[in-house]
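Here is the structure we will look at.
Note that the chains take the letters A, B, C and D in the order they are written out, and that residue 1 is the start of every chain.
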């Protein structure tokens, strides 16, 4: 049995038909499907260990606490963080970035400070900075994107100045798949004394990510995009920065002691995990990390790159199809348009053929505008996809052209 | 088969032994166990419908969106909100209260404004207000608690003045179980023009809660305390207030349109749900609501009150045991101390007997201080408990006294 | 599985490809902007009124086949109708595409959208122009179908 | 299931009930405050030093049996030891209760805490006083075991 077959077998949701067509899931950039081991970890937690954590003396609470903290360690290992306390569990990349914007940036920003982002950011890495700019008087700068979808590094360098306090950018673009040279970008940020925030939502689970190598200050991830459950994600932060920061939310577990006169914060990472966290989510994420590790990034990259090249060929060979921002260093995301057929109609027709893609602005309106588009079609690839899936994509697109083109 | 048996059967985690003792779970105020239907709803979502919501044209995305929005409707029905848009999905009660403190209170508070809370609040309903007081210069007032654990309503009335901007209090105390007269308290708040925020974490799933009856402005709940999954909860807010408020977090789904010059917020409730939400969590919560409804509050109250009375009797009959704050209007929470045995040791010995209770300050340090205690034991009752469970509690406490008393 | 051909009837694709009412009403008595974040589409609807009778409806902006055809056929149908009639028609149209009503009392041309009921994700496309024109008539500027 | 009697040995319960070293060292050369949010306990440890030799250790505050007995026996063991020896003993003690080491090289009296290793939730109780005294010796004021 092929590697691909083994993988496909362990994802229950992939084994279904849409109408009378086999499901071809090419929307993993929106959310990945979950391997059985992740689903089982959640079920098993609820069926055997369910309890609140950290404050309990009883056995279930101890088991739940251990499982939750082991998940933190697993994530720390996967990301090659130097210690598990650098991993804060949040709802997802969006909350992670908002946490940095509010708890780290807001207190230190004022008029004259600049935040540098790029034209290819997801709304989640734009709006939190717009909000904090409005709150503090800081201003937002935007580095340009080249026609091929790669970052215009000259524009980035030009806008990176002594006034730049924070630099925030995607590791991998969700809309077009560009892989940014984040190590170099973080180094450039450090040179001007700026703090780097990397939006890794689309990277983890696809390409290796190492905090010790990248040397960024913050890194945001979403569990549901790396084979884990919804409602869980991580913020990595350098320990020294996390220590300095004030908490963001207040509540249980994030304090050492509360009186009406004075409240003492708990240690990192608990200081940032107010209230009962998504315990089952963290445990499911831990299982997802184990799955990624057992599969191995080498195989992953090789398969996804191979499928990316194949998928691009399939689409390029169809008259009327234009690929958008198909850069050289690209993850498995193929953005395209079809002449004469609106992406939304393409999406409906593809769905009818069993092919699930995403259409629209992909929460990246400014990037769409950069390419003079209001919407695109996006097929995103994951290890469980096959060449056959991309063949289906191709024939479904041809069907769309036949119907409406 | 008795009602109680039927319930007990549908909670898989309750069917286990701790060492060689049957598990007696009396820690439901920390988190409730989950009925099989909730676990199945989560599993089924991941195995069949898993997709990101709101922006997809394909079938899975449509199914996921429908299930997620149906869950919102279910919660709205359970809470008797006037429309489903008044329900915002959050991580839990803690995040709900922080959302109100930051997105509603922070922009309107300034020096001279007062926030009134009570001595029996959970840290999650204290610290967010302390933070916002520090940020705005507003000040925190604290209504007293009587010796029997009930709210001192005179103190509450006295502290409620024209300067009071926000009043925040628990529906049910997690530490001692007091049920507060929230309808009356909200009416008093309205009289002075204050906004009422009710912390309902311990109420929903135990006693009926009706927004249309209570007429509060905000109401916070945690899914994991009402038979639902971890990582999900709701903030109810009056529609007009939610409309007025600025968003709290920025990201995907909470905006209508983003440009670097201007960003337009989405409608309520999406404005407050930035990023991919806990989709599986919301769907699981929807299933929990269905479970509560099918069980019915009448039966629930009757059973819990009966068990409360029985449990109090069991403990009162043991020499050396003192009940703490055992008020007349009480939910199924029994707080107690054992002469000569520290609560933490009680907890360990009970665990050894299979009895799971919580010990410590229960995230209610100020209340502990009010009773001159640093910690208590807390047995909390849920519909799946039985008299036999409470008999076990009694004999385990006697064992603790034998060993250390 | 529902049939795609019920959604993309020839009349729909024809109006989508060759809309007759693109542009801006002149004079323009009211204007509305609609937004469907799902498609990334925006539409501007302009109306010329005379004594609360619609003289002309025009729309502009890019959209999918369903929303374009719907806007165009809406314009066709609304000309000569009173504001009140327009609202009544919208109500019935909404019920039709949401699967809660029939096309019995609707202007004939709108019946081609019956197929939308089988595609719930497309209901917003079919109703965007309608929401927008009603908002324009009510004097509200921005609407969204999400 | 581990045996409770291994946790609550007679020596432990005796020192918990009748601690010999409650109070405040006088003169007090260093002081530390420890905090175990799990029990809601707080402990204050005071130390009298003479040329980096511990002359006296006292503790105050309320705690569970394990943390009280551990504080009391710690005080007993540390008297006469150098700061460096104290740190070494703590390291071994921590390994013992965390289940990573044995009591072989530990002062005899501390061996009674071997049972703690079977109760992971109680490790923090057994080490609170130790963390606090080390912090006091290092000049750090507040510690927590969470």
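Definition applied: contacts are C-beta pairs under 8 Å (C-beta built on N, C-alpha and C of every residue); 3 or more make two chains touch, one makes a residue touch a chain.
Bear in mind the structure is a predicted one, so any value in this text is a computation, not a measurement.
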item	value
Touching subunit A and also subunit D, the following chains	B
Which of B-D and B-C has more C-beta pairs touching across its chains	B-D
Rounded Å distance, subunit B centre to subunit D centre (Cα mean)	37
For subunit A paired with subunit B, centre-to-centre distance based on mean C-alpha positions, whole Å	31
Length of the line joining the C-alpha centres of subunit C and subunit D, rounded to whole Å	76
For subunit B paired with subunit C, centre-to-centre distance based on mean C-alpha positions, whole Å	45
For subunit B, residues that touch 2 or more chains besides their own	18, 55-57, 61, 255, 257, 344, 348, 359-360, 365
Residue list for subunit C, restricted to those that touch at least two other chains	37-38, 42, 121-122
In the complex with subunit B, residue positions of subunit D that touch it	1, 4, 7-8, 13, 16-17, 37-42, 62-66, 68, 119, 121-122, 125
List of subunit B residues in touch with subunit D within their complex	18-21, 340-345, 348-349, 352, 359-361, 365, 368, 374-375, 403-404
Of subunit B, residues touching subunit A in the complex	12-13, 16, 18, 23, 25, 27, 30-31, 33-34, 38-39, 42-43, 46-52, 55-61, 91-95, 97-98, 101, 122-124, 126-131, 140, 142, 222, 224, 229-232, 247-255, 257-260, 263, 274-281, 344, 347-348, 350-351, 355-360, 363, 365-366, 369
For the subunit A and subunit D complex, residues of the former touching the latter	54-57, 61-62, 66, 255-257, 264, 266-267, 270
Complex contact set, residues of subunit C against subunit B	35, 37-38, 42, 120-122, 142, 144, 146
